[in-house]
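Chain naming follows the written order as A, B, C and D, and within any one chain the residues start at number 1.
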Amino acid sequence: MLTAPIRQRSGLGRRFESAAAEKPIIVCEDVSKSYQADQPVLRSLSLSIERGEFIFVTGPSGSGKSTFLRLLFRAELPDDGVIRFMGRDIVRLRDDSVPALRRNIGVVFQDFKLVPEWSAFENVAIALEVVGLPSRVIRTRVGETLEKVGLSGRGGTKAKFLSGGEQQRVSVARAIVGEPALLLADEPTGNLDPQLAIDILGLFEDLHSLGTTVLFATHDRSLLDIRDRRVVVLDDGKATDVTHGLPSFDWHEQDSGLRVAV
Amino acid sequence: MLTAPIRQRSGLGRRFESAAAEKPIIVCEDVSKSYQADQPVLRSLSLSIERGEFIFVTGPSGSGKSTFLRLLFRAELPDDGVIRFMGRDIVRLRDDSVPALRRNIGVVFQDFKLVPEWSAFENVAIALEVVGLPSRVIRTRVGETLEKVGLSGRGGTKAKFLSGGEQQRVSVARAIVGEPALLLADEPTGNLDPQLAIDILGLFEDLHSLGTTVLFATHDRSLLDIRDRRVVVLDDGKATDVTHGLPSFDWHEQDSGLRVAV
Amino acid sequence: MLGDDPSYRFLGTWRAGRSNWRLQVLSVFSLAVAFVCLASALLVVTNLAAVRDRWSRAGRATVYLKDDVSPEDVSALVKALESTAGITRVRYVSSEDARHEIVNGSGDEQLAALPANAFPSTVELAFANAVDDRETGAIALKLRALRSVDTVETYQRWTEKLSALLTGGVTASVMLALVVFAAVASVVGSTMRLLLEKRKVEIEVLKLVGATARFVSRPFIVEGAVQGIAGAVGGIVLSGLLYSVVRGRFDDQLATLVGVSPVFLPLSAMALMIAVGGILGASASWLSLRKAVQL
Amino acid sequence: MLGDDPSYRFLGTWRAGRSNWRLQVLSVFSLAVAFVCLASALLVVTNLAAVRDRWSRAGRATVYLKDDVSPEDVSALVKALESTAGITRVRYVSSEDARHEIVNGSGDEQLAALPANAFPSTVELAFANAVDDRETGAIALKLRALRSVDTVETYQRWTEKLSALLTGGVTASVMLALVVFAAVASVVGSTMRLLLEKRKVEIEVLKLVGATARFVSRPFIVEGAVQGIAGAVGGIVLSGLLYSVVRGRFDDQLATLVGVSPVFLPLSAMALMIAVGGILGASASWLSLRKAVQL
C-alpha cells in the first residue's frame, strides 16, 4: 500500500519489475572481482536469490561482503561474470539507466554515507526527492520512517552532530523510506545496542513481509540466531550456503595469524 | 619495555605522570554537558577511575558514551564540573598544553577518523610522528602493530580502499601504537566478526597488563561477559556501576518507543 | 520528466548554497576582483579609443604670419578663417603676446634681448571633429599660398605619431583584457572545482540514491551561473566606485589634456560582462562536474 | 624541540602535496595568471615611464627657412647646427622634397597647383637626451634671430601635453597594478582556504592525535609559500613569452614611434614579484589556518 506512490511514478522501475515475473530477483554467475591482481576478492562466485527471500550474508572481515553488495547496485563493476537483477544484466547496463536501477534498491551503507551538513530529515528525504515525489508526501513519509527507527524529534539535527548509532539509524531510514524491491543492508547494526539491533531487524522483517527482498550482511551472530533464515557465508572469494547452526564454522582457525590473548 | 622510547621523549607526558603518584588517573566531579538547552547529555556525572583499571562503558544509543570519552581527551569541554587527568584539571588546561595531554591518550574513534587519502601505514605512523620519533623506530613499531591487528601486508593500501573492519583495525592500531597511559576505545569492534573482536579485546588486555588504563565503550554484550570487569552504564546522563550479571538491565523497556517486531 | 518539480530544483540549490555560504562569498569576491581587472582594462580601451578617435580628427594648426603683415590683413585673414567650413576656433596671438608668454616664463637674458621677429605673430586654428587629417593638410597648403602667411604648421606628423601610439595602447589593453579574461575563467573554474571538492560527499550520496546526472548537476550549474553573475555585478560596482574616485581627481585635467572627458563603460559592455560572467560560471561548473557526475 | 626533525617536516609537506597535486596545479595556474596581470601592468608602467622620461627630454624642432635662402646659407647653417652642443641630428628637407612628400601622398589637384613657397624648405633637428625643454626653447629663439631662418617650431606645447598624458597612463597603470595585487591576494587566500577545506579531515586527525599547532601548520605554510613562488615564477615566464610575442610584432614600430625600444621587467622587479608571491602565499595560508588549527 505504501509502496504505490513511488513505484507508480518511477516508470523505469516498473520496466524492471514486469520484465521478470517469476525469475529469481538476483542471479550471479561466475562473478570475479579483484582490486589488486594478486588478491582476488570474489572468485567466480555464483549465487541465486529468489524474489522475497531474506538472506544473511556473513564472513570474516575483508572477505568481500561489502564488495558483493556494491556489485548489486552497480557501485562497482565485476571483472568477469554476469549479474542479473530482475532478469536484466546490470553489468552491461547503460550509464543513464543506473539511476533507475538504484531507485529500486535501498542500501544501508557500512559507513552510513550521510551528508554531514544535512539534517537527519534531509538525509532521508533525498531518497524520495530524487524520484520527484511532492514535498507534502515526502514530509509525512520521512517523519514516519524516522519515528520507526526511534529518531522522532531528531529530524532537524545535522547528521554530523548525531551519535554513531543515530547516524546508522538515519542510514537505515533512508534505505527503507522508498520501500524498495531490494534492500541491501551492510552491517546495519554495528553501532546499535542489542535491543535496537533487534528492533531494526524487525523493521526489515516488516518490509520483507510486504514483498521486499532483503540481503543483510552482518557479523552479529546473535541476530543470525533469532530466525531460521538462509545464511550465505562469503569466504575465500566464494559464497556457501550454510544450513542453520552457525557455530560449526570457524574462519579464523585457518587464516588468522592473531594470538588470542583471552 | 616497548613503552620506553616514547615516554622518555615526550617530556610533557612525564610531567603528567609524576604529578600524581597514587591518585586515580581520572576523576570526574559533577560533569554536565548538553548540546541543546533542553536535552542534557550528561547530568552532573561523577566517576573515579583508578590507574590500571579496565572498564567497560555501556548504555543505549545516544546516551552519551562518545561524549563522555570526548570530554576526557578534551575534544569537548563540559558545561560544568571538573575533570582531572593524573591530578591536573583538563578543563582549565591552556590550549597549547592540549597536544601533550592527547599524546598520553590513545583513542579508537567510533567513526575511525582515518585520513582516506593516506595509507594504513601513514594513518598509524602519524601518532608517532607527532611525537617526533625517528623514522626507523616508527617503521618497525607501526609494522609490528599492523601485524598485531591482522593487517600485515595491507600497510600500503589507502584507508579509503580498506573494508569497514580493516579501517576499524587501523584505528585500533593508531590508538595502541604509542602505548599510551590511557586508552579510550569507542565501539572498537562494531565492524569486526566475533573472533576478531575477541582478538582486539585481547590486544587491549595485553596493553592493560603493561599498565595502561582502558576505557572500552561497547554495545557488545558477549564481550562484556568474557571477563569479570567493572562495567559502567551511562543512562539518563548519569554513570552507574553495575556489578556483573548484565542481563538484569533493560534500558529499552522504559524509554524506547519502538514496536519490537520479532 | 522525473525530478523536474521546480520546488526540488530550488531546494537543492538553496540547500547547497546554505551550507557553503562563506566559501561562496569568498569566491564571489575573487571573481569580483577579477572582473574589476577586466572592467579596468575595458575602461582603458574604451577611453583610449575615444581619445584616438578624437585626435585623429581634431586637427589643430598654427599659422605663422609674415613679419610685415598689417593689422588689416590679420583681421581680414581671421575673418576669412572664421567663416571657413570646418574651422571651429581662430585665435590671433600677436608678436608681443608671444614674446611676453615665452620670455616671462624664463629668466634668460639672451632671450629677452632677441629682436621682435624672433617671436612671429600667429593665428591658432582648431578644426571641427569631422575634419580629418587630409582636409586639414589641404587647408594648410592653401593658407600657405596667401600673401600674409609665412608658414603653417599642422602638427600632422605628430598627430599621426600620437594616433599610432594610442593604437598601440589600445592593442596592449585588449591583450591585457584577454589575459584578465583567462584569469576570470581560471578563477571560476578552480572555484567550482574546489566547491565540488567540498561537496564530493553530497554528490556521491546523490548518485548512490539514484539521482540522475541532471538532478545532480543542475544546482551546481545554477550556482555557477549565479556566482559568475554576482562576481560580474560586484566587479562592475567596484570599478564604478574606483572610476568615480579617479574621475573626481583627474577629470578636468584629462579633459583639457586629451580633449575628451573620460567615460565609464557603456551599458552594452556591462551587460556583456554580466552575461559573460553567467555563461563562464555555468560552463566552468559544467566542465568540472562532467567527470564527477558520470555514472 | 619535538617534531622538529627535518625529515618529518618534509614528509608532511610532501604527503600533503602528493594527494592534492591536481588542485595544486590548478591553483598555481590561477596564481600564474594573476601574476601575468600584475606583470603586464608593471610592464606597461615601466615602459610608459621610460617613454615619458625620454620624451620629456628628447626635444625635436623644425627650422623653417626663408624662401630666398641660398644653398651656401643652408650648408653653413647645417654645419653650425651640427657643431652645436646638444643637437644630435640635423636633416635638411628642401622645398621640392617637401612638395614631393605631401603632393604625392594625395591626389588633390589644388595642392599640386600651389606655388613653391607653400612648401618651405626646412631643417629638422633632434636634441640630445640631456637637453630639456627650456634649453630647446632657448636654442629655438636664437635660431629665429638668424637671417636665413623664417621660424622655428619646437613642439614644446605638444611635448608637454604628451608628457602629461603619459603621466596619466602611468597613474592608471599603477592603479591597475594595485587592483591586480588585490586579485592575487584574494586568489591565494581563497585557494588556501579551499585547500584547507579539502584537508579538514587531515587537520582534525592531526589535532586529535596530539600534534602541536606548529606541526599542523608548518606544511601548509610551506606549501602556501611554494605555491605563491611557483605562481609568481609561472606568471613571469608567461608574461615573458607574451612579451616576446608582442615585441616581435611591434618592436620596430614602437622604437620609431616612441623613440625608445620596449624593455621587459628589470631583474629587481622580477625578484620582488617572486618574493611577494612567497610572502603572500605563506601569510594567506597562515591567516586561513589560524582558526582551523586552534586547539
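Assume a contact is a pair of C-beta atoms (placed from the backbone, for glycine too) under 8 Å apart; a residue touches a chain by one contact, two chains touch by 3 or more.
Just so it is clear, the structure is predicted and the values come from calculations on it, not from any experiment.
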item	value
Joint neighbours of chain D and chain B, given as chain labels	none
Minimal step count in the chain contact network, chain A to chain D	2
Distance from the mean Cα position of chain C to that of chain A, given in whole angstrom	63
Intercentroid distance (Cα basis), chain B paired with chain A, Å	30
Gap in Å, rounded to a whole number, between the CA centres of chain D and chain C	18
Category of the chain touch graph - line, ring, star, complete, other	ring
Set of all touching chain pairs, with the criterion as stated earlier	A-B, A-C, B-D, C-D
Complex contacts: residues of chain C adjacent to chain A	2-5, 7-8, 11-12, 15, 19, 201-202, 204-213, 215, 294-295
Sites on chain A touched by chain C in the complex	9-10, 73, 75, 95-96, 98-103, 107, 109, 113-118, 122-123, 126-127, 129-132, 134-135, 174
Chain D - residues contacting chain C, complex	23, 26-27, 29-30, 33-34, 36-37, 40-41, 44, 62, 64, 102, 106, 108, 110-111, 114-115, 117-120, 134, 137-138, 141-142, 144-145, 150-151, 153, 155, 158, 161-162, 164-165, 168-169, 171-172, 175-176, 179-180, 182-183, 186-187, 189-191, 193-195, 197-198, 242, 246, 250, 253-254, 257-258
Footprint of chain A on chain B - complex, ascending	35, 58-62, 66-67, 110-111, 147-148, 150, 152, 161, 163-166, 169, 186-187, 190-199, 201-203, 205-206, 219, 221-222, 226-227, 250-252, 256-262
